[in-house]
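Listed next: structures, encoded as structure tokens.
Next come two complexes built around chain A: one with chain B, the other with chain C.
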Partner chain A sequence: MDIKSLEEKSYFLRQKTLETCLKAKTGHVTSSLSCVEILVSLYYGGFLEINPKDLEDDDRDRFILSKAQASPLLYTILADLGLYDLKELDKFAQKDGIFGVHLQHSVPGVESTAGALGHGLGLAAGIALRAKMDRKLFLTYTLLGDGELYEGSIWESLKFASHNNLNNLVGIIDRNYLCTTDFTENLVELEPLTDKIKAFGWNVIRVNGHCFKSLFEAFDNLRSRPSRKPTMIICDTVKGKGLKVMSYKPLCHGVPPKGEDIEIAKKELNI
Partner chain B sequence: MRKTGLNQIYELAKKYSNVNFIGSDLGPGTLDEFRNTLPNQFFMEGISEAHIVSMASGLSSEGFKVYINTISPFFTRRAFEQIALDIYSENEDVVIYGNGGGLVYGPLGPSHTSVDDFALFHALGNMIILAPADANEMEQFIQQSYHIKKPIYIRLGKGGDKIVTSDKDIQVGKAIKFNKSENAKKIICTTGIMLQRALEISDSLNDCDVLHFSTVQPLDEESLIENCSKYEEIIVLEEHLQDGGLGTRIIQSLFKNSIQPRKFRHYNLGKNYIHTCGRQEEIFDYLKISPKYIIDEIKSLK
Partner chain C sequence: MITQRDAFWDEIYELARVDRDIIVISADMGSPSLDKFRRDLPQQFINTGIAEQNSILIASGLAKEGKKVFVYAIASFLTLNCIEKIRVQNGMMNIPINIVGVGSGFSYPDSGPTHHLCEDIAIMRAIPNITTLSISDKHMAIKAARDYKTYKNTQYIRLERQPSGEIFNSHEDVSLTHGVKEVISGKGTLVISNGNLLFKSKEIIEEQSLDFGLCDLYRFPINESALKEIVSKYDKIISLEETFLPAGQGSAILEALNNLGLKIKVKRLGIDPAKGYCYEYGGREAIHEYYGIGKDNLISEFKNSF
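Presenting the complex of A and B:
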């Protein structure tokens, strides 16, 4: 797919994610919108090698969505890839649907149940360790939220992955600078994040997480294992990207727009 | 018991290449042969229980049978969320091999003693909870554990426990009956290494049988009901806090099945964490749940 098509796909996914959450009156709209270009790069840019027709293929790349609150976006992508009908999204977080607000393994194409933070990197590291020892060639990707980095277990897993030279493991941080109530740097500062993760023995690449050119440069070549170390791609993003009415604002977490913001948001994304 | 179990895990690993073992900073010399001969199946990590449980889930999701091992409460309390979500909720093929069940680490205090493990895992209704009484039972359980594709927790005793189960048919999920007297009016329901104490009590009382629930969950209700309906007095003896353990579960089952014994006694570790540091047997004495106290009490209350 060329960049223009990827941008069109991103726009469609933003629209669908907003629609899904508005209909359900729940769901993490802003957490999803910050990582649209990241997931589009993986799923449509050719960096995550999976065959939607054979989800059990042992050689498929694994993708662990550790920041499981971005589930409405992932669910939309998996529907768009044909794993189930797009109409299923109308039943997001409904009792007769197949999705919850967080992530369920039972959904086709989802590798792990998640929701509580700080689990995905350890799980992905277990998969990557085994793959490396068994000389399997697939990559294991995991997407972390930046708020998730407050969990101690993340730093346990960071140490483990670099100690074991898991260069088949790719961590991605959606660095959108916002937790639920405040900006991370006001809560407990995370910066200098690149230095911290480098100090834990990782190969770190920092990019604009909404720029396909930068994302492609970061993801490119990882399959040839350029470093002995695992790679962390820190993606600077905007929480709620694409929806000005919900961007750069604390307390816009886990909820779709409300009241008069609903029409503003719909207008912004042309739905 | 601990050594026997670890050796059995090693034997399984030799036989089945999908067996993986992950320890958390276990003492020097632990499983050196395993580490040296099967380095692709043996992992010794730093002190990072939350990571280890998630990592085990990752290995299991790739088709491996994973045994994880450290001091019991460091898994059960510290990594409970990882166990509940990554292992239990996903029904992963992981065995939690918990050192120092009950008061084995009594001298180290409440941080190291595992006196609430049954309660925590009773909350996870389909998790198998095993508490073998001796090395023989442990050996059987580890062998069977390979074929059970579900999360299992095994509570370990200190080791060197008197072998009392060698002539019994040991199966995960089945209680074991020790008939002591033809006209027994009492039965002690117990688990883990309290079995040896229960047998000592029953030897002294002459009218008391013993029912050993080495599988604490799922509780062998069939055996409980069949046996307990015959006795006037039911005594539960367990190395666990008062609430949420074997006793609680037995009361629930008896009530549900309308079985009302004439007398019911529950010997346990009390309501709170134990801040008295001492060896296991010393704390049993302190709490007056060692055989000599129980025998005296039961005899005096006749």
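Presenting the complex of A and C:
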């Protein structure tokens, strides 16, 4: 896909994610919108190699969505890839639906149940370690939220992955600077994040997480193992990107727009 | 006398030499028998450092990919520090790993309450897809290792730290799915216990020439039909456990009897939470005395409970 097509796909996914969450009156809209370009790069940009017709292929790349609150976005992508009917999104978090607000491994194309934070990096490191042990060439990607970085287990796993030279492991941080109640740097400072993760022995790349050119440069050639160390791509993003009415504001986590913001949001995304 | 731990790891060593998918993860925990594993099978041994939560996650990642993983640490840290990781990865996702914890009950008597473990049976049995094996002796430890290919879900292999006596004659006599063994056949009253206190119960019954039966209950969830075969022969049960009474062994027995519709009187003996955590030193018996399950107290309880 060229960049224009990827941008169009991103726009469609933003629309569909908002529609899904508005209909269900639940779901993490802003957490999904901040990582649209990241997931589009993986799933449509050719960096995540999976075969939708053979989801158990042992040579497939693995993607562990650790920030599982972005599930409405991932569920939309998997439907768009044909793993199930797009109409399933109408039943998001409903009685007869196949998925809810967080992530479950029973959904086709989903590798792990998640929702509790601080799990994905260690799980992904275990998968990457197995690939090394069995001389498998696939890559394991995991997407973390920046709010998740407050979990101590993340730092246990960071140390482990670099010590074991897991250069087949690609961590991605959706650095949207917002937790639920406040901006990260007001809560407990995370910066200088690049230096911290470098100090834990990782190859760190920092990019604009909404710019396909930057994202492609970051993801490009990781399959050549340019470093002995695992790679962390820190993506600076905006929580709620595409919806000004929900951006740059604390307390916009885990909820779709409400009240008069509903119409404003719909207008912003032309739905 | 060989410890359960060394019997277990000696067996895993032999199995791992043949099956290269066996992986041992240690959170900076050793044992003499693991030294040769590390020396001879370094590609199958991972040390995570003192990072138990990560060790569970790494184990789950490896097991999700088909490896047969044994995670090893002091039991109190490997269970209670990791419970939410275990709940999601091994409970919800049902990724089968083997959680090998040393230090059940007061196995570390002089280390204080941080190293005592009196909550694990209650907590682990509250999580679906986890089987707790409270290992009684070296033969059961060997069996728990040998059966690794049969496990469909996560096993919490709960090991005594100190050398113990023997209940079984051979690993071939142990059925991990059965989960109960009538160690002494008696009449009237049946004492049910597991781990360290099983041996103490046996000693009291034999020394006092009591006409009691004795049952080793070593698997949770309880195999109710197997339990029924034994308890049906008795009209009174004394449950003795080295864990806090709420939701522990005695509670599990009451639930099973209720499910089975058996009306048998049960006296529950164990660790009373009203006594809190124990800072007594001077050995395991001193701690048992603090909690009212010292040998003299137990003799009295056994004789006068009903």
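Everything that follows uses one rule, which is that the second predicted complex is superposed on the first by the 271 of 271 C-alpha atoms of A that agree within 3 Å, B and C clash if a C-alpha of one lies under 4 Å from a C-alpha of the other, contacts with A are read in each partner's own complex, and residues count from 1 in each chain.
Simple rule for what comes next: contacts are C-beta pairs under 8 Å (C-beta built on N, C-alpha and C of every residue); 3 or more make two chains touch, one makes a residue touch a chain.
Worth saying up front: this structure is predicted, and the values here are computed from it rather than measured.
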{"item": "Partners on chain A (chain B, chain C) - clash or fit", "value": "clash"}
{"item": "A:N208 touches, of chain B and chain C: first, second, both or neither?", "value": "neither"}
{"item": "Which superposed partner A:A124 touches (first chain B, second chain C, both, neither)", "value": "both"}
{"item": "Chain B and chain C contact sites that coincide on chain A, given as residue numbers", "value": "105, 111-116, 118-119, 121-131, 133, 152-153, 156-157, 159-160"}
{"item": "Chain A contact footprint on chain B (complex, rising order)", "value": "20, 40, 43, 45-46, 48, 50-59, 61-62, 64, 81-82, 85-86, 89-90"}
{"item": "Complex interface listing, chain C residues touching chain A", "value": "23, 43, 46, 48-49, 51, 53-54, 56-67, 84-85, 87-89, 92-93"}
{"item": "Residue numbers on chain A that touch chain B, as the complex places them", "value": "105, 111-116, 118-131, 133, 152-153, 156-157, 159-160"}
{"item": "Interface residues, chain A side, partner chain C - complex", "value": "105, 111-116, 118-119, 121-131, 133-134, 152-153, 156-157, 159-160, 164"}
